[in-house]
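Chain naming follows the written order as A, B, C and D, and within any one chain the residues start at number 1.
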Amino acid sequence: MTELLLISGSLRKGSFNTKLAREAERLWDGETAWGDIRLPLYDGDLEDEKGIPEAVQTLAQRIASADAVAISTPEYNKSIPGGLKNALDWVSRTEGNLWADKPVAIMSAAGGRGGGDRSQFALRLALTPFQPRLLTGPEVMVAGASKQFDDEGQLVSDLYKKTLTTLMDKLAREVARTD
Amino acid sequence: MTELLLISGSLRKGSFNTKLAREAERLWDGETAWGDIRLPLYDGDLEDEKGIPEAVQTLAQRIASADAVAISTPEYNKSIPGGLKNALDWVSRTEGNLWADKPVAIMSAAGGRGGGDRSQFALRLALTPFQPRLLTGPEVMVAGASKQFDDEGQLVSDLYKKTLTTLMDKLAREVARTD
Amino acid sequence: MTELLLISGSLRKGSFNTKLAREAERLWDGETAWGDIRLPLYDGDLEDEKGIPEAVQTLAQRIASADAVAISTPEYNKSIPGGLKNALDWVSRTEGNLWADKPVAIMSAAGGRGGGDRSQFALRLALTPFQPRLLTGPEVMVAGASKQFDDEGQLVSDLYKKTLTTLMDKLAREVARTD
Amino acid sequence: MTELLLISGSLRKGSFNTKLAREAERLWDGETAWGDIRLPLYDGDLEDEKGIPEAVQTLAQRIASADAVAISTPEYNKSIPGGLKNALDWVSRTEGNLWADKPVAIMSAAGGRGGGDRSQFALRLALTPFQPRLLTGPEVMVAGASKQFDDEGQLVSDLYKKTLTTLMDKLAREVARTD
């Protein structure tokens, strides 16, 4: 049974991106786990003195043990949140490259009309150095996010649902291909 | 008398980028101040409950009162540190756009041969939405940074010194032009 | 009297970007000229054998003599047209750096909902190496372009008109500041 | 027997990127073909009047029939050559998406110390919309390219050879995985 790790780039409880990641979770035929980016700021002195924080180790282990990862990112000022990049930076300090050849899908929900398109560009470039098996699409970019989820947190638009389904199917196929 | 605000993208005490920013400071004919990016991770719930943290307010006020800003960024995994983006995100939550028409210079020091060229690209795109008067060059990208500063933390290479001087002169002229 | 050079990134006669550039032209209080990107593909052997083509020289001279430049770019596959980058590449082969400190504004019209936002990111990075005085905004990104121009080729939306006016005013002020 | 299509982003006969692509070709265990980007500038009117040029059709067919593609790009002014983007734009006008799920590797050779790192970022973003199976590494970025090829056009550095071998092995495995 394959395991999918879900990461939301937003810390907010009611986050649209956490909702979007949950929708991705529902579409996964297998086990799921969540990764938490609520970490201290990366600081080389902190690392030297106290080592890699436990919360970072936990996140790293979840990435390592997952068969695939799905990341949903908001768009903060036309790019990814600092907190999301901070998590990538911390994880890069653990031993080995956990991302190598790992199937990864990215998606976004944002208030504007672009739906996070520039944030996805930034996330793609931020993930590339770790050499994951990073899907190039289809692009799931939920625009005007505040109106796109119902009271149960589910996507209301058939188009978005369909695109997300295509993306998650592609991710599952990528995992199968890895075997 | 004009004031320059210096921001280092690294939290490490012995940071090469803090050293590079200090070199920029020495070249400034006027007052200087420093901005600190050691802030909590941006979290919309935290903002809703407790408002904007005092450390963010302090950073924002320094940006607002500065005549120019110089930012020195490391390259973490081919992009800017999460902590630096996090600071930009927090500041964007304060009232008004503090960056509007503000002369800003960017520079970088990094271990690799590129000297932070991709980090500068990322920082340029991250700053653009705030519509500062963002200098397009010359590019100060200190490669192989561990060998480029002497015991006093000063740049050893005449070429880097010269390029940094040109950049800071350009920043000063940009401030004069603003008046 | 100041001169504005207008460049459209599209070769099509009915191009929305040419229309958008014409709207920018109308807002300019001064002389205007147009730059043509219909050039051969850059080829180092061609340059060695026959020198820089006359059409490139003409474009370069227009950039050199202009007080400001406005470029309107379509979005082809999430980035700028090859032809526009080709023009920048050719011009970079002429003597001196014609773009240095030149006030430049960029804008875009595109079919999609983003209005060329990713194309503008690409154009910004493509122009940065020449160190122009590149305005960081406001962003004029005409989305759903096919419905945004009337029979006279003028913008129908008051919001787009207003944003374009702000951008062109800013460009004019930048020229004044240069003096 | 699998077929690899090679594309050089430079038109110059003695191009370092063509040499690099030839090195990639030598490492391929299967058939090879070359794609030519010497095409007219994309022009919507030209397409409307005369259809898609034959040279574009040829390139498109070679992409379609290839099991994998390797693209070697120079860095012109910190990004990809206009001619390379122009080829991508033209090909995108042919029927279907020829790139979908196609294994693609990118590499670069450049004069500067970065070896085309920013050009590779631009190429990655330019290819992403077509949803290929785009390898994220290892990065083959030949810096100081004029000294990196011997008289037979072969790479002189063991490190570059090794990295290129790793990349091409990965591309071959990606093709096998596709089956």
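The rule is simple: a residue touches a chain if its C-beta (ideal position, glycine included) is under 8 Å from a C-beta of that chain, and two chains touch if they have at least 3 such contacts.
If you're wondering where the values come from, they're calculated on a predicted model, not measured in any experiment.
The interface with the greater count of contacting C-beta pairs, when B-D is set against A-B, is A-B. More than half of the contact pairs at B-C come back, by residue number, in A-D, the repeat among A-C, A-D or C-D. Between subunit A and subunit B, the centres computed from C-alpha atoms are 28 Å apart.
A straight line joining the Cα centres of subunit B and subunit D is 36 Å long. Multi-chain contact residues of subunit A (touching two or more other chains) are listed as 78, 118, 121, 125, 128-130. Every residue of subunit D that touches subunit A in the complex is listed here, in rising order: 121, 124-125, 127-134, 136-138, 177-178. Here subunit A touches subunit B in the complex through residues 10-13, 15, 37-39, 41-46, 76-89, 92, 118, 122, 125-126, 128-130, going by the rule given at the top.
For subunit C in complex with subunit A, the residues that touch the partner chain are 78, 113-115, 117-118, 121, 143.
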